[in-house]
Amino acid sequence: MDFGSILTTTVQQAFGPLAIVYCLAAIGLNVHFGYTGLLNFGQAGFMAVGGYAMASAVATWGLSLWAGIAIGIVLAAVLALLLGIPTLRLRADYLAIVTIAAAEIIRQTAGSVTLLDWFGGQDGLNSFVGDFRELNPYDSAISLGSVTWSPNDFWVMTVGWILVALCCLIVWALMRSPWGRVLKAIREDEDAVRSLGKNVYAYKMQSLVIGGIFGAFAGYIYGLSKAAVIPTDYATDTTFFAYTILLLGGAARVFGPVVGALIFWGLINFLDAFFRQAAANDVIPQAIMDQNQAGLMRFIVLGLALMLLMIFRPQGIFGDRRELAIDGR
Amino acid sequence: MAADNEFEDAGMPGATPANGPGGHGATAIRSSAAHMFTDVAHEPGASKPDPILVATGVTRTFGGLTAVDVDHVEIQRGAITALIGPNGAGKTTFFNLLTGFDKPDSGNWSFRGNDLARVPAYKVARMGMVRTFQLTKVLSKLTVIENMRTGATGQSGERLLKAMFPFLWRSQEEANTRKADELLERFLLIKKREDFAGSLSGGQRKLLEMARALMADPELVMLDEPMAGVNPALKQSLLGHVKSLRDEGRTVLFVEHDMDMVRDISDWVVVMAQGRIIAEGPPHSVMSDPRVIDAYLGAHHDVALDLTEDTILAEAEHELAAQRDEEPKGNHHA
Amino acid sequence: MHTRFMQVAAVTGALLVALMTLLLGVGAAPAQAAEQPAACQFEPNDDPEIHLKGCLRDQREDPPAPVPGVSVSVLDAEGETIADVETNESGVFDVALPGEPLSNLGKDFTIRIDEDTLPEGSDLRNPEQVELTVNFDTTSDQTVTFPIGDALPEAAGKFTRGIQLAVGGLVFSVCLAMAALGLSMIFGTTGLTNFAHGELVTFGALVAWGIDLLPGSITVFGTNITVVVGVVVAFIAGGLFGYLNDRALWRPLRIRGTGVIAMMIVSIGLSIFLRSVYQYIAGGSNHNYSQYSASTPWEIGPLLVTPRDMIVVVAGLVILVAVSLLIQTTRMGKATRAVADNPGLAASSGINVQRVIALVWTVGVALAAMSGALLGVTQGFDFQIGFKLLLLIFAAVVLGGLGTIWGAMIGAFVIGIFVEVSTLFVPAELKYVGALAVLIIVLLIRPQGLLGRAQRIG
């Protein structure tokens, strides 16, 4: 067992591109769920819209990457409107079911052979990151202590963490304003807010659009970091991971998603590296756990962690129980 | 934990001049707006000298059951009007219809001459007709002062594009906060300013809800059972506050079961039974109206005949409603 | 209180086992014979070109016999003939496509059979399928088959195909309905939107698989009923698992007053946990039960129905009807509906709400598990068979009206049949998309579902 390499991997991943992807997705969910109480279970759909808009703009329609990003933002907003119009007047669990279904529709449609020419079927799209990589100022690997990132990864990380900081700033500025107060009030009791002369429907819609755009940002970073968009990356579990992050860091807290993403993605990779090594070095006998099974241990732990967290510490690791957005008890 | 505070607060209203002497009961009928009704007929749908709210032909059915069927009713400006009736008379449903929280099958009503039928609830509130709820709806995870600030209308900081730039809304926010603090003083909640609203007692929640409604400067305040779940010691204070609303020129329409309160503070009483308005008049005469007694006694007869089951049912429903109140988004859980 | 419930349950169970054994006895015998189909003998090749291969076999023979000497033409997208070949003595033809493999990517090629060269008395089983169009989305070789035999009567009409698909949809619907009924019952009584319900379906498929994997086989009167036993055990184990689920997790959460949204997220955690554990046990690949074999279908008019599918439909319907009857008629069933309607009121009228909910979990998960086992029988299974089904279950339940018993079943049949029949008009890979779109549209037009009541507000 090489604990040094396990820890190096953990740190490298915890700050790496994928942690940023989940962090951005969770910031979006924080606006939806943490502040407004909207159960959006289709964040992966918003990510897919962002990722596919960016990638297909370049790879399929020959536009520039920046045009693709702009289109992605518009489409994410449109998706939010499409989902919100029928459901935001209905009970909370209807939004959950509609969003999760919509995300699956997007994923399966994008991955279909029928639209192969546009979205590349199950193989997805690649060769769209040229414009982005040209701007990469790093030409050699970056090391901090024993942790090393490739120049491409570090470039994605630089942009990604700046984006995270910007999103956090926006959330902070919005949530301290009267606008944010109305969102929190809606989370508490929308009829009360209605009786005070606020157009609850419009506020929910704005929240859905803003959080959805943050989801599209996550899709951009996902695509840029892998240099590909693949339908399986936008499956329902991606949304569930983002929820785990949000709850881990604490819902309705500006930095909750950041803390949650660092811990979540670090932990996932720690568990992965740990069990793989344990299985490979026969610390755990082969008969009990092979390499494939070792790779599953992290999800087993993750599932358990999500349950226990929700049951015993719903306010998150650093959250304040009194300010808890959801009634966990 | 909140019970102590409630008693503490309850002792104080006597000290505030607006409430006048604490005496109440049938003999102490306040009559400051009674003069408005001298020429008004004591019959359902009677026309008032200066109605602020006029409703005609309002019906609402649930399945086959007609919950509300109001031919005509007018609410006098500047007076306290009580809406009473036995359980299931459709009072709260009528309230929900008037305030846009439910949609009628038919009917029209106007507020200050503006047509209000099928106007969404938030617009109704913005027009100056603000309601409270039978099961108090405070924003539990917001502090008392934040609850109050939420009540103010026309805030530019509540617009998404301006929200990001505090200099665009800060002065308005400060003005709202001053107004909120004044109201909190008046409603004896100033000590709770920074507490989470969820930590308040039932009576304090009623006060907060009323104070928050006043942040919008409503012309018509609609109170749905303001006395429900309030401990007797705090009732006098609440009564005083309701009267003070009229004294500062607002119109009050309230639904209530507490007959003492109805007798004590209302200038005019509208009685509903089985969805219809069956009687109108000043409190003392309407209470002796045979139609009203029939309506109430009829309802009581039913209770007497099948007391056990009905009581259980009512209790269970009350429990459920309380549960639902604690959990606004949720469904029932056993 | 339980007696009548238990009686009905016992009788139903016994009937079910008898029925399935009987049907399997009929269906399994011919199935054995067809177990080793003579595979088409393609010659391997290593050249870089893409090959288009095909195989003509006479399905009337057993094993199917190759049909030699039939003329086959291959045409490109413009309709130009690329090659004319004849099938060899193994009934195989093999055409190397000209040009670079990559240049053929994404192009369409059409293979046409010259019907006149078919042997005397033989026809294409599907007379309309004289030609097949193949799109190359990979650079590997592609194979096609043309079944030869008696022409199937009217096999090509869109209407007939629709009916055939609807029958397939019926099989799927029955499984979906059982899972949906379970979800709806649990939602109705506890308010829980259970995202782990798919995993309860998978649980059944796994249990039946576990029984199937046991050494030896279980036979009654010479009929191998291992799979039948597997399904029944899945049903029982599912019930136990459901009871445990409630007792160990959901009941404590209910008692401490956990909110529905928090419980929903707990169920997501449970879903991830169980799914990963299943994958740990069963691996990532697809499994079939030992008796899974393409048994010879019965021809009913123009329709083809395999005995296996018939068993599944009948067994599933029996269970569905039985459970509905239990809910409609027995005291416990009425108590269940009372709890679903208004738990507070039910509790105050002396119903033991926790016990009713425990029963609902037991029955609901037994249904889900059996649904999984039957799905495994019809189409095989992997560790996420239930998870893939989850959204369709939701769709069915929402379509019928959240929390209504009949609604869930009707919704399931509408969705299940819609999914299959929609492949007439949309590519098969998008059939679930259509069903999910229906879900959204239903919510838009009639949020309370087909059978749900509009909710009273305020």
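A few notes on this one:
A, B and C are the chain letters, set down in written order, and residue numbers restart from 1 in every chain.
Keep this in mind: contacts are C-beta pairs under 8 Å (C-beta built on N, C-alpha and C of every residue); 3 or more make two chains touch, one makes a residue touch a chain.
Computed from a prediction, not measured in an experiment: that's the story for all the values here.
The chain occupying the central position, as judged from C-alpha centroids, is A. The chain with its C-alpha centre at the largest distance from the centre of chain B is C.
Between chain B and chain C, the centres computed from C-alpha atoms are 56 Å apart. Rounded to whole angstrom, the centroid-to-centroid distance between chain A and chain C, based on C-alpha atoms, equals 32 Å.
If each chain is reduced to the centroid of its CA atoms, chain A and chain B end up 44 Å from each other. Within chain C, residues 257-261, 458 each touch two or more of the remaining chains.
For chain A, the set of residues touching two or more other chains reads 92, 191, 327. Each of residues 101, 327, 329-330 in chain B touches at least two other chains. Partner chain C is touched in their complex by these residues of chain A: 39, 86-87, 90, 92-94, 96-98, 100-102, 104-105, 108-109, 112-114, 116-117, 121, 191, 237, 240, 243-244, 247, 292-293, 296-297, 299-300, 302-311, 314, 326-329. On the chain B side of its complex with chain A, the touching residues are 99, 101, 120-123, 125-126, 130-133, 137-142, 146-147, 149-151, 153, 155, 157-160, 162-164, 166, 169, 173, 196, 212-213, 215-216, 326-330.
Across the interface of their complex, chain A is touched by residues 106, 135, 137, 193, 249, 253, 256-262, 264-266, 268-277, 279-280, 283-284, 391, 394-395, 398, 402, 427, 429-430, 432-433, 436-437, 439-440, 443-444, 447, 458 of chain C. By the touch rule above, chain A contacts chain B in their complex via residues 37, 91-92, 170, 173-174, 176-182, 184-185, 187-200, 206, 322-325, 327.
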